[in-house]
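This report refers to the structure that appears directly beneath it.
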Amino acid sequence: MKLYAGCELQYEVPAPVPVVLMLRPRSGAGQWVLSEEYLLKPGIPVVEYTDLYGNLCQRLLAPAGSFTVHTAVVAETADVIDTAPGAPFTPVQDLPPDVLHYLLPSRYCQSDRLGPQALDITEGFTPGYDQAEAIRNWIHTHITYQYGTSDATTSAVDTAEKRIGVCRDFAHLGIALCRSLSIPARMVVGYLYRLDPMDLHAWFEAFVDGRWYTFDATQEQPRGNRIVVAYGRDAADVALATQYGPMTLKGMKVWVSAEKVTEPV
Amino acid sequence: MKLYAGCELQYEVPAPVPVVLMLRPRSGAGQWVLSEEYLLKPGIPVVEYTDLYGNLCQRLLAPAGSFTVHTAVVAETADVIDTAPGAPFTPVQDLPPDVLHYLLPSRYCQSDRLGPQALDITEGFTPGYDQAEAIRNWIHTHITYQYGTSDATTSAVDTAEKRIGVCRDFAHLGIALCRSLSIPARMVVGYLYRLDPMDLHAWFEAFVDGRWYTFDATQEQPRGNRIVVAYGRDAADVALATQYGPMTLKGMKVWVSAEKVTEPV
Amino acid sequence: MKLYAGCELQYEVPAPVPVVLMLRPRSGAGQWVLSEEYLLKPGIPVVEYTDLYGNLCQRLLAPAGSFTVHTAVVAETADVIDTAPGAPFTPVQDLPPDVLHYLLPSRYCQSDRLGPQALDITEGFTPGYDQAEAIRNWIHTHITYQYGTSDATTSAVDTAEKRIGVCRDFAHLGIALCRSLSIPARMVVGYLYRLDPMDLHAWFEAFVDGRWYTFDATQEQPRGNRIVVAYGRDAADVALATQYGPMTLKGMKVWVSAEKVTEPV
Amino acid sequence: MKLYAGCELQYEVPAPVPVVLMLRPRSGAGQWVLSEEYLLKPGIPVVEYTDLYGNLCQRLLAPAGSFTVHTAVVAETADVIDTAPGAPFTPVQDLPPDVLHYLLPSRYCQSDRLGPQALDITEGFTPGYDQAEAIRNWIHTHITYQYGTSDATTSAVDTAEKRIGVCRDFAHLGIALCRSLSIPARMVVGYLYRLDPMDLHAWFEAFVDGRWYTFDATQEQPRGNRIVVAYGRDAADVALATQYGPMTLKGMKVWVSAEKVTEPV
């Protein structure tokens, strides 16, 4: 299904501040970028580079005053995400080398501390896809989704304890639990059609039976029509905007539509 | 200056054939991609990957029948290309590692065979930028530009001998001559505003004084307003479409405009 | 100075377990590998790959029973590490792209939580080298070095609180504090000549004034004669051995000598 | 089988000249580097980096006067190379992305010009392994092996015409013919046990049925006990020493032995 998505970030910048943005989706598994657009107001020089994970990143010095970042994408997306009940665990020795680092603990996913809990949650499940799905389901049913209950320092260990959070926290917990079972897992940020309320979204992928599968603990059912914007080990790697100095987000709009949008620029 | 550019390739495909396209410009030095669009007709699955040179490549199996590739880009481009008369040669031991391979001979740029000629052409010129410019100027004044005089197997050695060719041949000869003087040089394909007749274009870059400079032996004067589509060692690396089986190009349109184009799809 | 170093790890393995080792030093800034040796007993198949940070990693399936990993290296090392009092902070917008990710928080270096403390420690110091050195010195004077006071889950935040730890904890804290000031910092593991007691060692590097500098908070004075074995964001990335299953380290020998060693194999 | 191999290059250098060496084997498919040694006389600073193909390269400025490069390796090698009669052609659309560039023509392997000849040679053979073997066998039986009949500018097209050459020419022709049939092929340089007369050697690999296979047109029978030193598109990429200025090779020793060698340094 063809989706029209985008987001607009409006900043107030007291003095020029270095920023790294990560807002240009790439074509990949499950999505083909038909067109995309990236506008800055005022227009300023930008340098684009590819990070360790293959994300296209934009570096710039946000100018003092009002600063707006507007991006939009039209992409062909998969209507249904693949599921694979029973798909087996991929032994560590058979993982591709570039997947191995998704087994390591990271800032928000302290997999080294969640092993016993992961074993509890997945007891009786077949190693592999079913474990990851058991984890996803456990998070969905045991963690309360509520805005304003977590912040930029909240980690999987915090969420496991407080049992409350938002999509980012759900993803971190899913990732940390999977990794503690030696299932590679990574953070995904992007757009989800008909997300309610609409916002940028985060979920996770787990690597089983030789490929990545999508898991979203915030949802009742598997849902397709996603546009991936960036991949990483956790939220530290995939912040849509990383700023190195003070700068205030004054407004943010996100849209995902099946019909062409008259965009808000 | 903001440019609206694009190209459309129409193929007739007798039986499904694997194709690698290289038609998605990236933001980089001298250009910022404001928006771009990539349409296939019929729509088919595509896998995108990044090649050794950082180009975004699209792999697909062109379906039997009519097959159209339409791409368009809006980019902010530099109006003037940098020139640097007198800029010094960068000694090989000071070159960045990822520039070194642009010193090696390649399919169409047999720099190992053109050393004496390069020394003749650049006699009396300061090592570095002035040598590269002397080479560019020598090609511009000694090689006749004429369509239909070369083909996909024509190399720099051929062009040095026949003294006739098109933009691709001019670039290959410039690259081979520069490399024979230990100046790294690479092939560029892309769009040039007001190229006459309009077509996809090729030129070269040479690395002197610590950075890449643009050289275009087909032009009288340095001209900006270029959109780079791909970089490589020579035309073998940067073919806009590499097909692995029979497929006929029935039509091709290229446009570069300072005003929004009602595109021909 | 030429150093002869090495380590030997003796494991008891109950059942075959996947392991990733990171024990092959590469030549690089400040060290030239004259010779190295890598022996496994029993000899088993190994696959070597390069990780995201450029480290040479060895993957294998440790066999049941006794398993020994023996590595040795002879390297020319710098006798003195560079110091640069007063060297300026490199603004984020000028950092090379492959250095940027060393600004992000990681598993053991929660730089997002240590900003206020870093500002306290570095108050009055010139941004750049002097800040990193102030941090190093503060750790050296405020954190007690003591074996057995931390473990594999101990992070910079823990160490900042408990004020006790080992080389790895000292490095994590230094890294986290530097990053919180937008100074890129990375973990280094390797050998240090005349370390007492001899062991594998960890320290950190900070990126200021356009290059990496070595900092070691466990030492009174800057000391050279180091052999780097691996770089990473923190200890999660540079574990010399990451095992994915039970396996017991029964013995470990480490040696660094200015004279040829009759190695203990 | 464990092999002790090495080479020593003795140069006379009139004035300092930049050199890139490629003489450090890496562990990989079919070989495990147990130990290696790399000595320069006089000892000078060297920078090591990884090239586009994963080879470890050493950059240095060879000093005026006598200059010696001595390298040695002890490696566990496969006694038998895999052969796979009947193994099928891998369709281009199924090739891994990092294999695709081994389909392109290169300096010494003008696959774009040898298609008809490749079709003649492989007529009646099953697409895939059998084609590559037919090519290898055709070269072995139709090209005369003779020292001193080719030089650094000799390409596959030249060899196809003159029907005479050395191991490097045999490999180039094999590569070009394979690529013209859309079989990825790459150049390999390294050591071969019991090569007679002993020298550094070159052969090629072709990618069929999802993996690389070894082919050596200089040999009667498939032979194992090889140590790969470097991979590339052709000899331009894998020169053991690329010099950017005058420097004379005064002597060269190469040894490969099943027993520990008292090395000639």
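By written order: A, B, C and D. Residues from 1 in each chain.
Definition applied: a contact is a pair of C-beta atoms (placed from the backbone, for glycine too) under 8 Å apart; a residue touches a chain by one contact, two chains touch by 3 or more.
Since the model is a prediction, treat every value here as computed from it, not as a measurement.
S.K.: Any chance you could check whether C-D or A-C wins on number of contacting C-beta pairs?
M.R.: Of the two interfaces, C-D and A-C, more C-beta pairs touch across A-C.
S.K.: Taking the mean of the C-alpha atoms as each chain's centre, how many Å separate chain B from chain C?
M.R.: Roughly 44 Å separates the two chain centres.
S.K.: How far is the middle of chain A from the middle of chain C, if each middle is the mean of its Cα atoms, in Å?
M.R.: Comparing mean C-alpha positions, chain C is 30 Å from chain A.
S.K.: Taking the mean of the C-alpha atoms as each chain's centre, how many Å separate chain C from chain D?
M.R.: About 36 Å separates the centre of chain C from that of chain D.
S.K.: Quick one: which residues in chain A touch 2 or more of the other chains?
M.R.: Answer for chain A, listing residues that touch two or more other chains: 50.
S.K.: Return all touching chain pairs.
M.R.: Chain-chain contacts present: A-B, A-C, B-D, C-D.
S.K.: Enumerate the contact residues on chain B facing chain A in the complex.
M.R.: 26-28, 32-39, 43, 45-48, 50, 54, 56, 58, 74, 76
S.K.: Of all residues in chain C, which touch chain A in the complex?
M.R.: 18, 20, 49-52, 57, 59-61, 91-93, 97, 100-101, 103-107, 109-110, 112-113, 152-153, 182, 236-237, 242, 244
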